[in-house]
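Read through the structures below before going on.
Note that chain A is present in both complexes that follow, paired respectively with chain B and with chain C.
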Partner chain A sequence: MVAILGFIILPAIVVGIAAFNDKALLSFPPEQLSLRWFYKAISYRDFQTGFHNGLIVMLLSSFIALFIGGAFAFVIDRYEFRGKTLLEGLLLAPLVVPHFTVGLGLLILAAQIGATRGYTVVVVCHVILVLPFVLRSVYISLRNLDQRLELAAASLGSRPSRVLMTVTLPLLAPGLFSGWLFAAILSFNEFTASLFVTSQRTQTLPVAMYNYVREYADPTMAALSVIFIVVTATLLTVANAYLGLGKVLNVEQAR
Partner chain B sequence: MLSRPADLLVEKTEPIMKAEPAPDIAVQLDGVSKRFGTSVALNDAWLKIGRGEFMTLLGPSGCGKTTLLNLVAGFLLPDDGEIFIDGALVTDVPTFERRTGIVFQNYALFPHMTVANNVAYGLKARGVAKSEISTRVAEILAMMKLAGFEDRKPRQLSGGQQQRVALARALVIRPKVLLLDEPFSALDKNLRASMQVEVKEIQRRLGVTTIFVTHDQSEALSLSDRIAVMSGGHICQIDTPERLYRRPADRFVASFIGEGSWLRAKLDRFGGAKGLVTIGKTIVEVPAEPLAGMATGANVDLFVRPEHLHVETANETGLDGTIAASIYQGGHIDLYVDMPQVSPAHILMRLSAKDANGLWNPGERISISVSGDDAVAFPPVSA
Partner chain C sequence: MLVRPSLCQVDPLDNPAPALSADVRRRPFFGLFTVPAVVVAIVFTIAMAAILQYSVRAQIPGSLEVGGFTFTNLTAMLRPLYARVFADTVWLCLLTAVISLVLGYPLAYALVRSTNLTVKSFILIVTVTPLFLGEVVRTYSWIVVLGNNGFVNSVLLKTGIIAEPLQLLFTVTGVTIALVHVTLPVVVVMLAAAISHIDPDYEKAAESLGAGPFRTFLTVTLPLSGPGIVAGLTTAFAWTFSAFATPQLVGGGKVNMVSNLVYQLGFANFNFPFAAALCVAGLLLTYLSIFVMRLVLRPMEKIGVH
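For the complex of A and B:
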């Protein structure tokens, strides 16, 4: 058990230690400790634009996916219609289609219609990829939502729009937030498909990192990885502490 | 299961005159039906509930009682028939305009709101002035013994308190009809009894028309002004608790309300509104109505309550039995008796404990008499 767990976190530990190496080689273990690679990682121009691009793409795609995924989850949860299973299948399809296929497909499509490789195609690509996660998350929250709460609200004289704003949305908030958070993290980390659809101008951080590592092999990458891990872990911890992600991820849990 | 093409045709060609409901009728259902796919959840229900009346819908699960409640609340729309609340046709009126207060089994309190906000919710939705909201909320919370709990969240309350909040939330809007959907079944036994008394007391004090859904017949008998017994999407009988117990209209109602045993008997003759039924050497008077059309001398099933069977010392009744089991219940003793000549099942008799003296041992043979009051007879099932 311990060995398995060790292997799971071993890469992160190795990278973490390498990040503090003073030498310009990805050697292990380090001989002298330093923070210079952290400084370089932060100040490197391509990383800065990559971070900036990634942030734009992340925000746009996660919010669009949240909106679309939320709407679809609502429809699938509340209505019976023909082709419901098909729709569900389609929406969850990106889970089984490889990322490079999505990226390649969009690249070909964009080329066909003569679109430049701008933000649009990157955002569209990320929306497709993160949609299943948002959908699942919101759908599970909807399943957990006791519809009698909405019925009670309606019987008390609340119009449907008011029920939505005062009962449904507040109670769905944790699910919506966690769905959005997953979408954001996935989008920000996404590499394979992004490699196809980004250009030099729109490259996101993981793509910039890839381009960097093709040319240099110093601990800057390791430093950046550490920053990545720390930021993501902090975000998740905070989210979990305030919202209880367990509640959102577990259908069985009692109300 | 049931399609009624003939009825539907009649309704199309001859629209029924929509009689204005009488002013003392709070809720009225005229021939309401509801189907889910091919199954009929409620079939041609006719019901009038008086203003201030406590009406219980009683039946086993799947009998259509909850469907009926949901139709009155407007959560479902009927396939056929009309629904009136306070004399106004509401068949197509959405829930939020019907002014019904509902209390669910799980109370459905808004978990993200305080007690005060839960109770104020309906008043806010109706655009009641702020100052009036706070007076009315304080008033109803005081009545429900919830003063001091205003800032609690529902999860910080006990089951009984949650139920009182749910009731306060429903009552504060002064509903035209209060709908109770098995509200006591989540409470433990002692709390249930005290909440039942409390709810009944408040209902009487406010004079609010109430529809109460339950599968628990003792709960129904103790709380209701009238009970509608339902089975398989039908309303079998609508009557006061006492009349339901003493004069069940059909076999289902007889078996569902209270306890009793079925005995094979013979129809002797009719006499006015009474039928005379012989069992052993005894002649028992029963209502004639359920037996209408039957020939004298035909077999009937006599339904008797446990307290109407008595042990006789002298064997003059022609009814003999063997004690199968005797169960001491404190105030009384339940005897299960085998009487193969009149029933394939055990017969339940109830003796007061002072008569018992511990003499009733399994295997002992006894003579039994049937007292005439409150027995009913029905045609045999597979006649």
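For the complex of A and C:
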């Protein structure tokens, strides 16, 4: 079991060490250590633009997905209606449909309606891809919500909107936040579909990184990867400490 | 739809059943909360329809416009060149799914059953982080590990186990290793969710009847996690099918999956109709494979239902 964990961590550690290599080779172990690849990674123009674009797309997609997904999870949990299964199936489909298919589809769609390949297409794409995760997260939270608290508020005279604002949403906060966090991280790191729908102008960071790797083989990417890994791991550790990732991923013990 | 992912798995609080009335007063926010979701679903459907439509149109070389209806894309796909890519992809996905299952089960079990909170958190963080790193970072890390000057070869060469560097990059082996790394977190999460919902009372009952821990595991826990195993396998298959950066960078053009082919035809040859046709075929293949998997593993699914 330790071996398996080791297998998972291995690339991260190797890349971490390789990032400090002074030479411009992807060799291991490094002969001299230096921080210059980190400087290069942060100052490289394409990476900066990619980071900037990625941030814009991420913020837009994650919040839009949060509102749409959170609202719909509420509907799935509480109401029955004709076409519910179909709608649910369609929105969860991106879990099975490959990202390149979604990307290609939106690219073709954008071309057919004559839309320019600006941020809109990318945001729409990311929302579609990220929505299932928000849905899952908020739905699990809703299932764990004791509805008697809402009923109590209603019986004391609150209108449904007031119950929603003062009881439901605060209780759902962890699920909403973790859903948003998943959406944000997944959107920022999304690559395959983004490769299809982004243009030179709207390139996100992963796309910029991919273009870089195809041309250059120096440890700049290793440095960038290290930054990625450290930031992501920290975010997740914090999320786990405050929210309990286990609950959100539905791996808690039933009893 | 056999493979429709569903959210409805757990109801720990036995909340009241969904409101069945169409009375608006009893269903506040229904319209407001549903319409945006419907819009997203419609956009998604239209995008899929666009692919379907493009797949039966001809390509006009040198232009982004498409020609009239034709079945040439379909017949072209049956050529050995492309059929092989489909076969390779299915094989890679299957292999990756099985290996991920074998490696992931112990992890998932340890994650759920360990009582030490730090251990639990550690396993969770380590397993889930790769999931959120994004394909490019993960794949790139593997290039550093598997390259001729990379970690694996350096260790093997320095310790004298081999004399020449092992060619791992651009091979099926290398791609498989990287793909397993990509798919493992997903499998672990799904398995952990399934194992965590196994009633410990069953295991306690077996132990009270005299079964040792190993026998209890084999005859009680493992069968009861059957549905989770099937779900994990099918999800791993679909997840791996979607992989693009990994086969592209680690495979380096020598190991091609459907995803790489679609990209190549779309952006190198600008043959979008054929790329669309490949997508359609890929989707059908995925659903078909999952259907067959679930059919074959039906007994396993049945056992776990309790």
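Descriptive notes on the structure:
Rule of thumb we're sticking to: the second predicted complex is superposed on the first by the 250 of 255 C-alpha atoms of A that agree within 3 Å, B and C clash if a C-alpha of one lies under 4 Å from a C-alpha of the other, contacts with A are read in each partner's own complex, and residues count from 1 in each chain.
Here is the rule we go by: contacts are C-beta pairs under 8 Å (C-beta built on N, C-alpha and C of every residue); 3 or more make two chains touch, one makes a residue touch a chain.
This structure is a prediction, so every number in the text was calculated from the model and none was measured.
Touch criterion met: A:L95 reaches chain C, while chain B stays clear of it.
In the superposed pair of complexes, A:Y210 makes contact with chain C only, with no contact to chain B. In the superposition on chain A, A:G157 makes contact with chain B only, while chain C stays out of contact range.
Counting the residues of chain A that each partner touches, chain B and chain C differ, and the larger count belongs to C.
In the superposition on chain A, contact of A:D146 is made with both chain B and chain C.
Of the two partner chains, chain B is the only one that A:P170 touches; chain C does not reach it. Touched by chain B in one complex and by chain C in the other are residues 146, 160, 255 of chain A. Residues of chain A that touch chain B in their complex: 146, 148-149, 151-160, 162, 166-167, 170-171, 255.
Across the complex, chain A is touched by residues 73-75, 94-102, 104, 106, 108, 110-112, 121-122, 125-126, 169-170, 173, 179 of chain B.
The touching residues of chain A, when paired with chain C in their complex, are 1, 4-5, 7-12, 14-15, 18, 25-29, 67-69, 71-81, 85, 87-102, 104-109, 111-112, 124, 127-128, 131-132, 135-136, 139-140, 143-147, 160-161, 164, 182, 185-186, 188-192, 195-196, 206, 209-210, 213, 221-222, 224-225, 228-229, 232-233, 236-237, 240-241, 245-246, 249-255.
Chain C contributes residues 1, 3-7, 9-13, 15-16, 18-20, 22, 27-30, 32-34, 36-38, 40-41, 43-48, 50-51, 54, 64, 103, 106-107, 110-112, 120-121, 123-130, 132-138, 140-145, 147, 149-151, 154, 181, 184-185, 189, 192-193, 196-200, 235, 238, 241-242, 244-245, 249, 258-259, 262-263, 266, 272, 275-276, 279, 282-283, 286-287, 290 to its touches with chain A in the complex.
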